[in-house]
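This report concerns only the one structure given below.
Labels run A, B and C following the written order; every chain starts at residue 1.
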Amino acid sequence: MKKKFSISRRIVAAVMASFIAMTTLSACSDDSDAPDQQTDKHYVIGVIPFNDTAAEQLDWNNYLTEYVAKNYNIEFKFATAPGDAESAVTVVEELKLAGAEAILGIVDYPAAIQKANELEMWYIRAGGLSTLSDYEQIKDLPYYLGTMGPSLDEEYQAGYDMIESYVKDGKKDILVFAAILGLYLPSDMHVFRFEGMRDALVAAGAVYTPPASGSVVEGPGVGEFASGTSGLNITTIYGYPIESIDSTFHDRFTQAVSGKTFDAVAMTAEGSQNVNTWLNGAGITGVVIGEVSSFNATAGEAFETGILGYVVGKYGSSMGPAVIALINALDGHADIMRNADGTGARLTAPFWAANSSADFAAKRAFDDNADPAFNKAIMDKYIVRLNPSVTRTSFIEFAGFSFDDLKALH
Amino acid sequence: MIVQESGVITGISIAENIALGEINQFGKYGFLRKKQVVDKAREVLATIGVTDIDPSLPAASIDLQDRKIIEIAKVWAKSPELFIVDETTTAVSQRGRSILYDLMKQQSAAGKSVIFISHDIDEVMEVCDRLTVLRDGNIVKSLPRSEFSLDIIKQLMIGRELQGDYYRSDYDGSYPDEVVLSVKDLHGFGLTGVTFDLHKGEILGIGGMSHCGMHPLGKMLFGILQPQNGSVKATDGSQIKDVATAMKRALGYVSKDRDSEALIPLAPIRDNIVSAGIDLIAKGGLFVFPTTEKAFSKKQVDDFQIKCSSDLQFINQLSGGNKQKVVFGKWIGAQSKVMILDCPTRGIDIGVKQAMYQLMYKLKQEGVAIIMISEELAELIGMSDRLLIMKNGKISKEFARSADLSESQIIDYMV
Amino acid sequence: MRDVLLKYGNKLKPAIPFAGLILLAVVYLFVTDFHPTPFHLTTIINQVAVMAVLSTGAVFIFALGSFDISLGVAMGVSVCVGILAYNAGAGVVGMLFVCLAVGIGVSLVNSVLSSVFRLPVFIMTMAMLTVLTAVLQILIGGKSSLLVPSGIQAPIKAFDNLWVRLLFVGVYFAICLVLFNYTKIGRRNKLVGGSPIVAAQTGVSIAKQTIITFLISGTGVGLAAFLMLTRAQAVSVDTGASTGMDVMMAIVFGGMPLSGGAHSKIAAGIVGSLSIVLVSQILTMLGVSPGLSQVYKAVLFLAVVFVASLSYREKMLSRAIMF
């Protein structure tokens, strides 16, 4: 009994002491290293991630902490990815408490943007464009800079280019995997990606029949393709194996692919490793997969193992223009991004694409944090304080730099 | 050692319980040879003369008394040099008791030792060679068999001379004609047609072997169990169908299994006492105030002289006798007019027992009707106005209170 | 020292959550340089309100010796139906009544079905968790979230203030305090939590008690849903998904015993919710990364559970579950 008490007391004391020690040490530590080049003011920017562990988000986090924080007088405070609107509002409040003056949000919660506005914190939605309906809710808020990411045209083109690349490469047997379309949860970007794929297949001579409801948004299903004059054999599958959303997925997938062979898979989402596993499970191997994800390490591994053959997506330093927009706003030049009528802007930031392992590796190396695609030399030119000749038009152009544009500028 | 309370794990089989602690010898690499375990258990049970219990069954499928027999077998199989029995006899049936006494004699005959812990003076005097009396954590005295005397032992146990009669002093078994509980032709749970009436101010004893059906009968009278056929009716003619109805008709029930059915061990005395009488103190039928509760509880604590630091002390810190006083206080506080007591003096010392008997007599004189279900013939004979003996689920004989009534007259109707 | 602990341990234990809260408040003041601003205090109340109301209602269920894991999703469904009603023209008061009706209705379904099928309440609520998640998805109707259009948000946002939150939390807590500490309802809850068998043999109808308990908790769900709506006029399919576990954590943090019964404390919900929010904000202000924050919170929670489960007397055997 005596031994039990002394052990339990020691454990409790150790836990409490370590908690106090950890918090004290955290308070004493300095999160950000001193930047090489000083700006006038120190800014604290809060970051609301869309996911705490996704490879794409981690790449963005690394770019912000390893490059931006070290080259600009900015400290980033990262929040936990919120699960719903109320959590997002809480996260904004906590970032304010942590000293954030502006927010780089990679989530779609108008309520959070409204709260940031109430707290007079500049907010930019980056990493993707808000839906139009969300945008309409918040466009007039004075502290809302706008949203920056691939436009719906970009999304459409991503799907179109993927199929076009397959056709050029002589792929004949194609599986179009429309992911979450035709279910309860379609999103604009997936619809546009699919429509790009559809139009590319039709351009190649295939014949498309939409689903009975007439709309891929309504579903069920996304329609069927006949070969027509294309010489292509096209199979479609939709859905995703999340039990609570789509419990019939595996049965439908197996039914759709059994007895068939494929040269390529065109996905409207990411998850090439999973699709490869499911195809292997149905006895189908050696299929090249194309996905819309990002230029992250996971995609790199998938390319090296031959699973991935085509990728469209964002990249680590694609956050750069969003950060510059916030710096300008904090310096008092929010009008550089916002529309002339005072509403938040919708700016296009294009995808990168790669159709081979070598192409992918080269592009990823080009965006290394030692000297990323959006590096200081390029970004400084669009900070009004450093370059008063920046205009709204030139800023829009900056946000829309493609890979080739950035390559030419390096 | 055979522990006082339950030492059997109900979630495994009887055989596995017997093999507890030695299960590794029945298999290799984590694989168990179940047949071997069962066969060994059968052997072990046979050494204590038990052949009617199937060791392959789950321990939960047998009743509390038979589980105690399993424990006895488990311990005996280890051939202990020192055999310790802690208050076990109150938890077992007559069969279990005779098995234990027999084993203790065998142990002694083999030159080995037994420590037998018990409140039951009669059995201690019968089986022991030497008796050591403890009180309040101290050894009072050690007596050799030659000096055994009931009165002396009682006095040593309670620290004073036992004043007055142990049971009631009168042999007047009369009671008013008013029927307060009418039991007609009860069937179910082992009962095969039980009929009797209970009268106001009557102490009705019900006795028999432990599986005769008297314990389920008690539960049926209080509405805990529902009979397959037959009825239990209160004084106003309404049927007792559930506990709530029983309590509304001023019935109270003291379960044999005190710690798991009558009291909440991890709750204060006050909460336990108030629980049955809460409707009496609730203002507007809903609101209960701490001051009212405290007064209600304090009355019972004082009336029963419950030894505690305060009525906020937890039940699990009380002795068996004080716990039983709390149970009584709970139902007396609820103003019960009919009390069904199942083994009310189980596991309590003679000083408290005497107090319980005196209380029962006092309640009788106040017009409370009492049904006392017990396996102790002495207390049934000592306290009952009328005694019903049960056998195989029915009443085999009725006895009126008499100075000449003895256990030998009754036993024939029990076995 | 050991004898002192033995003697006073059981008396000191109920005070530990309050002492912990005071300690956290002191740390909070320290981190804010002893100059907490109105924003600090408002934020605390804003963040505590929903969890405090949910947790206070959940104390009744916990006291019974059970738990409702579907609380959070029930709140999500309540929010969703509230938005649908408001968007259809119900007005703010109508929205409040709808939220309450749904919260109470869902809880009633849980408790009545549990009584009818004689299933342990926790098992019933696990099944309801799946059902309600599906209901929420269907109600949101093929989108990722459901919003109140910005043009008509103003009447709701008028309730998005400190005083409304304090009023809702204060009134609900006061009612629950009276019910739990000064009525038969609270007494019987603790009795059932202590031992369903003893409670049944003392005339308590476990089924009726369960239904009353869920009515009270369901009211909390409805109120929490309304408070959530005042903060964010939107619901998504993930709303409330992890709230059930958060409520359990808050209640345990607040000193509620794991098995309910006599030690149950109605203030555990508020104390625990406040404690968790303070810990969260302290870690945020100190710039601790989100991942590390979760680790610290988990360690603290384990420490609290460990201390709460220490008993200074012999452990009792487990009790039978009534149904």
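Descriptive notes on the structure:
Everything that follows uses one rule, which is that a residue touches a chain if its C-beta (ideal position, glycine included) is under 8 Å from a C-beta of that chain, and two chains touch if they have at least 3 such contacts.
Not measured: the values here are computed from a predicted model.
Any chain touching chain A that also touches chain B appears here: C.
Put simply, the chain closest to the centre of the protein, by Cα centroids, is C. For the criterion of most C-beta pairs in contact, the winning chain pair is A-C. Each chain gets a centre from the mean of its Cα atoms; the one farthest from the centre of chain B is A.
Mean C-alpha position of chain A lies 72 Å from that of chain B. The geometric centre of chain B is 43 Å away from that of chain C, both derived from CA atoms. Computed from the mean C-alpha positions, the centre of chain A lies at a distance of 35 Å from the centre of chain C.
By the touch rule above, chain A contacts chain C in their complex via residues 2, 5, 8, 11-12, 15-16, 18-19, 22-23, 26-27, 29, 31, 52, 77-80, 83-86, 88-90, 93-99, 109-112, 133-134, 136-138, 184-187, 217-218, 244-245.
Of all residues in chain B, those touching chain C in their complex are 5-6, 222, 224, 243-244, 246-247, 253, 255, 260-268, 271, 274-276, 278-279, 282, 285-290, 314, 316-317, 330.
Of all residues in chain C, those touching chain B in their complex are 10, 182-185, 187-188, 190-191, 194-195, 197-203, 205, 261-263, 313-314, 316-317, 319-320.
Chain contact summary for the complex, chain C toward chain A: residues 2, 5, 27, 31, 39-40, 43, 46-47, 50, 76, 130, 133-134, 137-138, 140-145, 147, 149-150, 228, 231-242, 280-294, 296, 299-300, 302-303, 306-307, 310.
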